[in-house]
Every structure is written in C-alpha cells, then in structure tokens.
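Across the two complexes that follow, chain A remains constant while its partner is chain B and subsequently chain C.
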Partner chain A sequence: MEPMIELAGVTKLYRTVLGVNDISLQLHSGAFGLLGPNGSGKTTLINLILGQIKPTLGTVRLFGKSPWKNDRLTRRIGLCPTVEIAYPNVSAKEWVTFLVQMHGFALPAARQAACRALELVKLDHAMDRPIGTYSLGMRQRAKLAQAIAHNPDLLILDEPFNGLDPVGRFEMTEFLRNWVHEGKSLILASHILHEVEAVHPAFLLISGGRLLASGTPQEVRQILADSPSEVVVHCNQAARLASVLCERNLVQKLNILADQQIRIVTPSAAKLFDQLPGICQQHGIVVDQLTSENESLQSLFATLMRIHRGES
Partner chain B sequence: MPVHDVGYRAWNGQRIASSWRWWTISARGVALVLKSKWIRRMLLFAWASVIYWAVSFFLFENFIETVRQGIPGQAAMAAMNELEGTPMGMVAEDEVERILARRLEQQIPLLRSSEAQQLAVVLADDDRAHSRRVFWTLMTLTFFRYPQAAMMVFLIGFIAPSLIANDMRSRAFLLYFSRPIRTSDYILGKLGILAAFLIWTITLPALLLYVFGVMLSPNVSVVAVTWDLPLRIVLASVVVIIPTSLLALALSSLTQESRFASFAWFAVWGMGAGAHLAMQGNFLTRMLGSRGMLDGPILPSEDRWAFLSLYECLGGVQRWVFGAEVSNRTVLTSAVVLLGVTILSLLVLNRRIRQAVQT
Partner chain C sequence: MISIQGVQAMLAFELRRAVTLQRMATTIVLILFPPLMLALMVLGPRAFGEEPSRELFPEFPTVFLLGISCILSLLLWATPNVYSEMESKGWAFIACRPKGRTSLLLGKYIAAVVYSYVVCLLSASLCTLVAYWLDGYAKSTSFWLSLNGIFGLACIVYGAIFSLIGVLFQKRGMVFAAGYALLVELILGFVPAVINRITMRYHLQYLAVKWFDVLPEEVIQGMELVYGPIRSNAFHISVILGAAAGVLFVANIVIQRREYVTAEDV
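Up next is the complex of A and B:
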C-alpha cells in the first residue's frame, strides 16, 4: 500500500540553522501525534509535508506525489496552524467562507461548506459575530472549522489545545477521535504528551530536528521501560529495600530520602518493576507509593536523546 | 486501494479556475476595507471634484462658442474689444494672446496662468478643434495631477499599510499557502484591492468627467476631437496604479506594524516632493542668475530633478500619455524611475513573502 506521507533522507537548512536533520519515515493513513519540545522542528516538518518549503536534501512525497508547488494536493489537506486570526471585525462565517473560496469553491458552495464546518465545531451559534468578540477557545474552533470545511483527507493541527479550557479540550479531543474514527488521517503536533495521547495516535517523537522514535504509545512506553529511568518508592522499610535492590544489581544510583522514600535510578525500569513485587513479598516490605518521574515529555526526550547518542 | 482514498470524498462541485484565485483575495479584501466608514467617506469625497471640474468644461465650451462663434479672426476681434477702439492692425499678436489668457483665467478659475497662456496661443490662431483638444487634455491632466493624486496618496496611505503587515504579524501566510494559492496569486490579489480603489478614485471620476464634459458642451462635435481621451485616461491610470500600489504593498511587507508602513508611504511622497522642490528651485535660481532676469518660462517641459520625486515622475509620464508638452528626457527619466520602483517592489514583495512562509 502506498504510504500517505513518505520522507526519504529529508534535511532542511535555514542558512546555517538545521530545521530537520536527515528524517526518513513512511506514514500510512491514520492518526499521528508529532511530539517534540518547542523548537524541535515540528513546524518545519509540517511545512515540508505541505510543500510550503522545499527540502535542502532528500525527497518528500504526499499521497504519492511531491507536494512542492502541487496545488492539487493542498486540496486534500486541512491545516490548523498556530496563527492568530488577523481580522477581528470579520465574522467567523465570512472568514471561513473566504478561506474555502481559496480552494476554488464558488461563493454559495463556500458559504455552505463554512456553515457546515462551523456547525461541526459547535460555533454555529456565534458564527455571525465578529471574531474580535470571541474567546480564545472559540477562535481555536474557528481555525479548526477553516481546516475541515473543504473536507480534507489529512488534517494537520499545530498545537490545537492551546488556550482551551478543560471543556474545550474534551470537546476537541472528542472531535479528533471522531475524525479518526471516520477513516480520515490526522497529524497532531504538540509538546504535551497526555493531550496527544488522548486521541490515541501513533507517536512521532522529534527533537533537535531529528526523528528520535516512532510507534504506538505502548511502544514508546516500552522504550521508556527498557531505558534508564528514575523511580521514587515510598515504603515502610526504605533502607532494607535499598539494600536488596543493590544486592540484585537493579540500580545505577540510589538516594535514601527522608520519610521512608528512596529515589532509584535504574538501568531498566521494566526489570525493576518485574522483580519488585517478589522482593516486597520476600522481605515483608509494604510499598505505599511508586512514581516514575520520567512521565513528562521532557524526560522522555532526554531518554531518547541518550539512546540516540548511544549512551544507554 | 489505500484507506485514505476510500475515506476522502473530493469536492465534486464546480471550482473556479486557478488563474482566478487572486480574484477571491481581491474581492474579499475590498469588502473588508469597505467596512470602514472613513474609507467610504473618502471614496465619496473623491468624486466631489468631478462636478467642479465639469463646470470648467462647460465654461470653456461657452467661452469659445460665445466669444469666437467660429468666425476666422473672431478671437482676435473679441480681444480687440478690450482695447477700446484700437485698430486691429495696430495690436501686437502677443497682446491679443495676453488679453485672451487674462479672460480665460477670469472665466475659468481652475485654469492656471501657464495653461491659460498656452491655450490663448491656440485660440488666437482660431483653431477651434485644437483649442478644445488642448483645453480638455490640460484639464484632465490637471484633474489627475492635483485632486485625484492627493486623494490617491491618502487613500492608499490608509488602506495599503495593513494589507500585508497584518498577515506578516499573524503569520496568515500559513493559512493562505496551505491552499492552492501561489505567491503571485497573493501579490496579484492584494494589488487588486488597491487597484480597485484607485480605479474608483482616479479612472472612473476622470471618465465621468469626460462624459460630463461632452454632455455640457453646446456642440457634440467635441467627441470627434477628444475621442482618444478616455483611452489616455485608462493608460494614465495604469501608470499610476501599478508602481504606487506595488510600492505601498512592498512597504507593507517590510514590517509587521502597519503604522511603520504608513509612515514610510507618506515619507516617500513628502520627502520626494521636498527634495525635488529644493533641487528644482536651486536650478531655477541658478538659471535666473546666469540670465540676469526671467523673461519667460525656463524650459517648462524640462524637469531634470523629476527622478527625486515619485509624484513628478508620475507627472512626467502622464504628461506624455496625455500628449502635453514635456521633454523626452523627463519622460524617459520618469519612466525608468517608475519601472525601477515597480521591479524593486516586486522583488521585495516576492522575497519577503517567501521568507515569511519559509521561517
């Protein structure tokens, strides 16, 4: 099956600044979370996929064709970038209609498509009001409406949860789940892991312009489990547990903290978690709390960078 | 078949041709600008001068009909009336022209001295068709050069600065160019917005002025003499619209703050006019010094400092378009400057937009 997106050895240089560095990947239709810290190259990667910029090296294929200066392909894509809406005195209906017209729709058809899209994002009640009177969440929904109004096959969202309140986040997540459920494709760029995870996509982890890892959430978690990570255990016999773990060679570094807590740096979290119940049972240790501090995206990337540099 | 091909249902409705995508940007842009009350007022005001100018056409047509009545030598005879019985043969030709010029100035307030003198020379020769042609050309040119040019500078100064600067600030290019829109479509679309307002402010009032002039003329034969004037109006409008609009857009693309673009726009006109005035004044002073006295206009069609001012450059080429007196050197210099402004503006626009998209 032909991949939806195919990048082969793609590098993008902005003069002496490296935007993306030698990325090769093949994505078939589906949902993908493009995760990376700020400045990691997410937007550059999106622009390369959209054909808005040309790679310095390598080739990009979208739906089997080069997206560079390919008008026909842009019809199949809906982009919701992290831009502000610059026209506060224009209504969402007018704004979305205008952007749909740019796809070549005649005015009545564009207006109809705009209304339908605004209804889908639940903004139909306010679509005749000037955008300047909207809340941040409403603007985000208007931006989403312009991306989906022409019924694209691939929806690309850059930080769509920015500025949304919990209800807005939930509604956005639900909308994106439905989108994927309808068999359409999605690329969701974000730097917040749990927001992306809620849509159940496959992950593309990018940092420093490099694709560090890709796969399902389970696969990413497996990477974490198999790599050195930090665990804090709160138990009734901290010193005893520390001693046993050292005997079994399960720790790289260990700190006994106050209040019966120990911080463990383990070479393999998976191995530790596998043996910990047996140890507790054997030595009568009661574990009250076990937390991994590597849940944040930042530490995930730190881990992946270590793997990437061959330090693990 | 790939899953995404099954899921995607392409739009089956009619699409407008891709070569007309710029029209969408222009049409929406015009609608957006028209939301401003001040702009709407300015657009109405731009048409007010038509009535005032049309009256001049009426006065002139009456002047040549009543004073000359088509009889050879009548102009000179009419001029003679002012000299209280002085026999015809004793009046110098330049005296007749002087009197005619004075009467023209009295009857047609919009006519400046130099133009009245130019017209009087033709009238004294009793060439009715030629005199009409000269007058209509002069009046239309003056209409272009003064009220409408001022209106153009102010109108573009209000509209253009935000056209691209706002998109730069909000990074709206990502939205534009994720659609089947090229950089050229974008530039053409924005140019279309300004062109629409300039056509409304310059071309249409000038054409209406021509129609009014014909309607107010006692003799319809004026059409036979001035039939090419509408074409010259259109051409002169193109001369104004392309370089000025592109310059305004280029200035807008150089900043994310529209007020800076606005300041730069007015500075281009103000400083250019100031520099031209200073240099041309200095030149005239030196010419006067070498001659000792000014016994007539010094090279009226020659403006060697026109290249300093966009306004004078437009004037040089417009004079040539309308067939008014102007030196070839001035026309050539002005045309080169306008062409340079156009090309430079296009290069700046193209570069700035591409930069904005790619960063």
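Up next is the complex of A and C:
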C-alpha cells in the first residue's frame, strides 16, 4: 500500500537556519500527533508536506506525488494553521465561504459547505457576526471549519487547542476522535501532549529539526526499554533497595527522597523491572508503589529529549 | 491554468474587505484631491483679480492630478498583494488552496484596477464638472471620455507592474513601487532618448496628446523630436495591454515558484 506521506532524507535550510534535518519517514493513512517544543520544526515539516516550501535536500511525497506546485493535492488537504485570523470586519460565514470557493466550488455550494462546517464546529449561532467580535476559542473553531468544509482526506492541524477553554478542548478532542473514527487521516501538531494523547496514540516526535521517534507509545517504549529512564519506588526499606540496586549496576543516579521513597535513574528500565521482583523477594522488601515517568506521553517526550541532548 | 472561481472569490472577498472606515476615508481623499486642487488653481488667481492661464487648461493639470491619485491608489492596493496577506496571516489559508497563489495575484490585481479606476472615474467626473462650472469648458464630454480612457489604461498597466513589484519584494514593496514610479516613469520618461520608450508614460502621454487634441502642431512635432515618434492609437494601446499581460505572466510565475516564509514558519 502506498504511503500517504513519504519523506526521504529531507533537510530544509532557511539560508543558515536549519528548519528540519535529514528526516525520513513513511506515514500510511491514519492519525498522527506531531509533537515538539516551539521552534522544533513542526511548522516547517507541515509546510514541506503541503508543498508550500521545497526541501533543500531529499524528497517529499504526498499521496504518491510531489506536493510542490501540485494543486490537485491541495484539494485533498485541510489545513488549520497556528496563525490567527485577521479579518475583523468579515463574518466567519463569509470567510469560510470564500475559502471553500477557492477550492473551485460555486458560490451556493460553497455557502452550503461553509454553513455545514460551521455547524459541525458549533459556531453556527455566531457565523454571521464579524470575526473581530469572536473570542479566541470561536476564532479557533472558525479556523477548523475552513479546514474541514471542503471534506478533505487529510486534516492538518497546527496547535488547534490554543485558546480553547476546557469545554472547547473537550469538544475539539471529541470532534477529532470522530474524524479519525470516520477513517480519515489527521496530523495534529502540538506541544500539549495529553491533548494529543487523548485523540490518538500514534505520534511523531520532532526536536531541533530532527525526528526523534515515531510510532505508537508502545513502539517507542520498546525503543526506550534499554534506554535510561526514571523510576520512583515507594517501599518499606528504601535504603536497602538502593544498596542492592547499586550492587547490581542497575542505577545510574539515585536520590533517597524520604525514608520510604527513592528516585532511580536506571540505564535500562527493562532490566530493572525484570530483576526487581527477585530482589524484593530475596531481601524481604515490600514495594507499595512504583511509578515510571514513561507511563505518559509527556515523560516519553521528556526522556527522548534527554537522550537527544545527550544527557542520559 | 487559472481558477476562475478562485479569482472571482478573491476579487469579491477583497472588495468586501475594503468596506472599512479607513479605506473609505482614503478613497474620499483620493477622489476629492484632484477636483479640489483644480478648483483652487482657478479660484486662487481669481481671488487676486487675475484670470487663470488659458493655455492647456484644464487638460494637463487634471491629467497630472489624476495621475497622482491613480498611482497612489494603485500603490496602496496592488503593491501589498503578498505582503498584506503575510502580515494579516491570510497567506497560510489561501496558499494551500488549488491555484490559490494565482487567484490571490489576479483577484487582488483586478480589485486594485477596479477600485483605482472607479476612483479615477469619479474624480475625473468631478474634475470635468469643476472645469465646466468654473471655466465654462466647452469640450466636457470628449474631455471626460479621454480622461477615462487614459486612466483605464494606466490602471491596467501600472496595476500589473505594482503587482509584480509586490510579488518580488515581500517587504518594502511600496518603497520599490514608489521608486519605480519616480525613477522609471517620471525621470526615465523624460530622458530624450530611445530608452524612454520602455516607460508606459511614453505611450500614455502620446495617447493623451492625440485624444485631448489641444496641443498646436509645432508643439507636437517638438515632442516627437525629443521623446520619439507618435504612433497609431492601436500601437500604443497594444503595447500598454501587452506589457500588462506580460508583467502579470511573469508575476504569476514568480508567485508560483517562490517560497514565502515568515519568521514564525522557521
């Protein structure tokens, strides 16, 4: 099956500034979270996928074709960029209708599609009001409406949760879940990890213009199994456990947080978890609680960033 | 290929966006500036008991004043085609549509031409009224028609040139466009050599000379000696329209191939 998106050794330089650096990946239809801190290259990657910029090195293919100057492909994509709408005296209905018309729709069909999209994002009650009177969350919904109004196959959202209140965030998450359930593809760029996690598990992690990891969290955890990670153990003999772990070279760094609590940075979480039950049994140590930062995408991201920075 | 729907949508949206107090105020100033100045040129001498100069009045002051309005209007509308969208963040939404860049270029160009032509039309009508009312000008209808013909062609060609400048120079496009108007059209246009024929002023000037038909034959012959020969109307009009089409073609190639990147995208 042909990948939806394929990047082969893609590097993008803005004169002397590195946008993305030697990224290779293949994404089949589905939903992906594009995660990375600000300035990590997310927007550059999106612009490369959209064909708005050319790679300095390497090739980009979208639905099997080069997206650069390929207008037919843009019909299949809905983009909700991170930038704000700056047409204060125009209503959301007019703006979305205009953008749907740009896809080649006749005015009545464009107006109908715009109204439907605005209804889907629950902005139909205010769609005739000028955008200048909208709250940040309403503008975010209008941006989403223009991205979905022409019924694209692939929806690309850049920081869609910005400015949304908790209810808005929940509704956005629900909307994106439904979008994915309908079998459509989604790329969601964000630095708010739990929101990405709430929509779907597959992700791409990018930092410093490099792709650090990709796949489901399970797949990445697999990659990380032998990588350093942090574990906090609550047990009845914290000092004793610390001593045994040091003897067995399972500890890279260790903090005794309290009488019954230690924080361990282990070179191999898999090895630690493999040996810990035996150690506890052998030394009569009772573990009440064991928490690993790797339980959430947030910690996965932090760990990968540490590895990338060479801090492990 | 051009998306007619896209160009139409861009044009309609651009004109719809223009309905703001700021733009309306600018429009009123641009419309009223030439007739008010023309009125002052008549009333000023009369206030001191003198009659305004009859020679070449009111054709050339009107053309000059309307020219300023026309160029200013096109500068404000056509030049910031890409920059205004980059600045207002509309670019990201428009450029990812099929033929979005071409639609933006042509939609904004047509909007600039329509707007500037309407400004010139209204202003020229008021100038004609002023000339008629204050000076009893006899050839009002032909004067009005000539003005509209000249400024219609000027809007088409200068709109295209300023659009190209806007596409080439994302920032400071207005400075380059003003520089072009001054250095090429004004200074180069007055150079008594073949080079002045590359300016649009050369063709518009001779069309004005023929259409207004007020200059004595010896003055026209003198002009031909300095600036080059007068050709047929069809030749001058063809050069102007051809130049507009050619410049727009180049602008379209540039806007299609260029990577427009803001600091936020990096």
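Assume the second predicted complex is superposed on the first by the 262 of 312 C-alpha atoms of A that agree within 3 Å, B and C clash if a C-alpha of one lies under 4 Å from a C-alpha of the other, contacts with A are read in each partner's own complex, and residues count from 1 in each chain.
The rule is simple: a contact is a pair of C-beta atoms (placed from the backbone, for glycine too) under 8 Å apart; a residue touches a chain by one contact, two chains touch by 3 or more.
The structure presented is a predicted model; accordingly, all values stated were derived computationally and were not measured.
Taken together through their common chain A, the two structures put chain B and chain C in a clash. After overlaying the two complexes on the shared chain, residue contacts for A:V90 are found with chain B and with chain C alike. After overlaying the two complexes on the shared chain, residue contacts for A:L79 are found with chain B and with chain C alike. By the touch criterion stated above, A:V167 is placed in contact with neither chain B nor chain C. Legend: residue contacts after superposition of the two complexes on their common chain; A:A258 is shown touching neither chain B nor chain C. In the superposed model, A:L99 lies in contact with both chain B and chain C.
Overlay on chain A, chain B versus chain C, candidates 109-117, 217-225 or 289-297: the clashing stretch is 109-117. The contact surfaces that chain B and chain C form on chain A in the two complexes overlap at residues 14, 47, 50, 52-53, 69, 71-72, 74-75, 77, 79, 81-87, 89-90, 94, 98-99, 101-106, 146. Of all residues in chain C, only 3, 5-6, 8-10, 12-13, 16-17, 19-20, 88-90, 92-100, 103, 256-257, 259-261, 264-266 touch chain A in the complex they form. The residues of chain A lying in touch with chain B in their complex are 1-2, 4, 14, 28-29, 47, 50, 52-53, 63, 69, 71-72, 74-79, 81-87, 89-90, 94, 98-99, 101-106, 109, 146, 150-154, 182-185. The touching residues of chain B, when paired with chain A in their complex, are 2-4, 6-11, 13-18, 21, 24-25, 28, 32, 35, 166-167, 169-172, 174-182, 357-359.
Taken together, the chain A residues at the contact with chain C in this complex read 14, 17, 19, 39, 43-44, 47, 50, 52-54, 69, 71-72, 74-75, 77, 79, 81-87, 89-90, 94-95, 98-99, 101-106, 110, 146.
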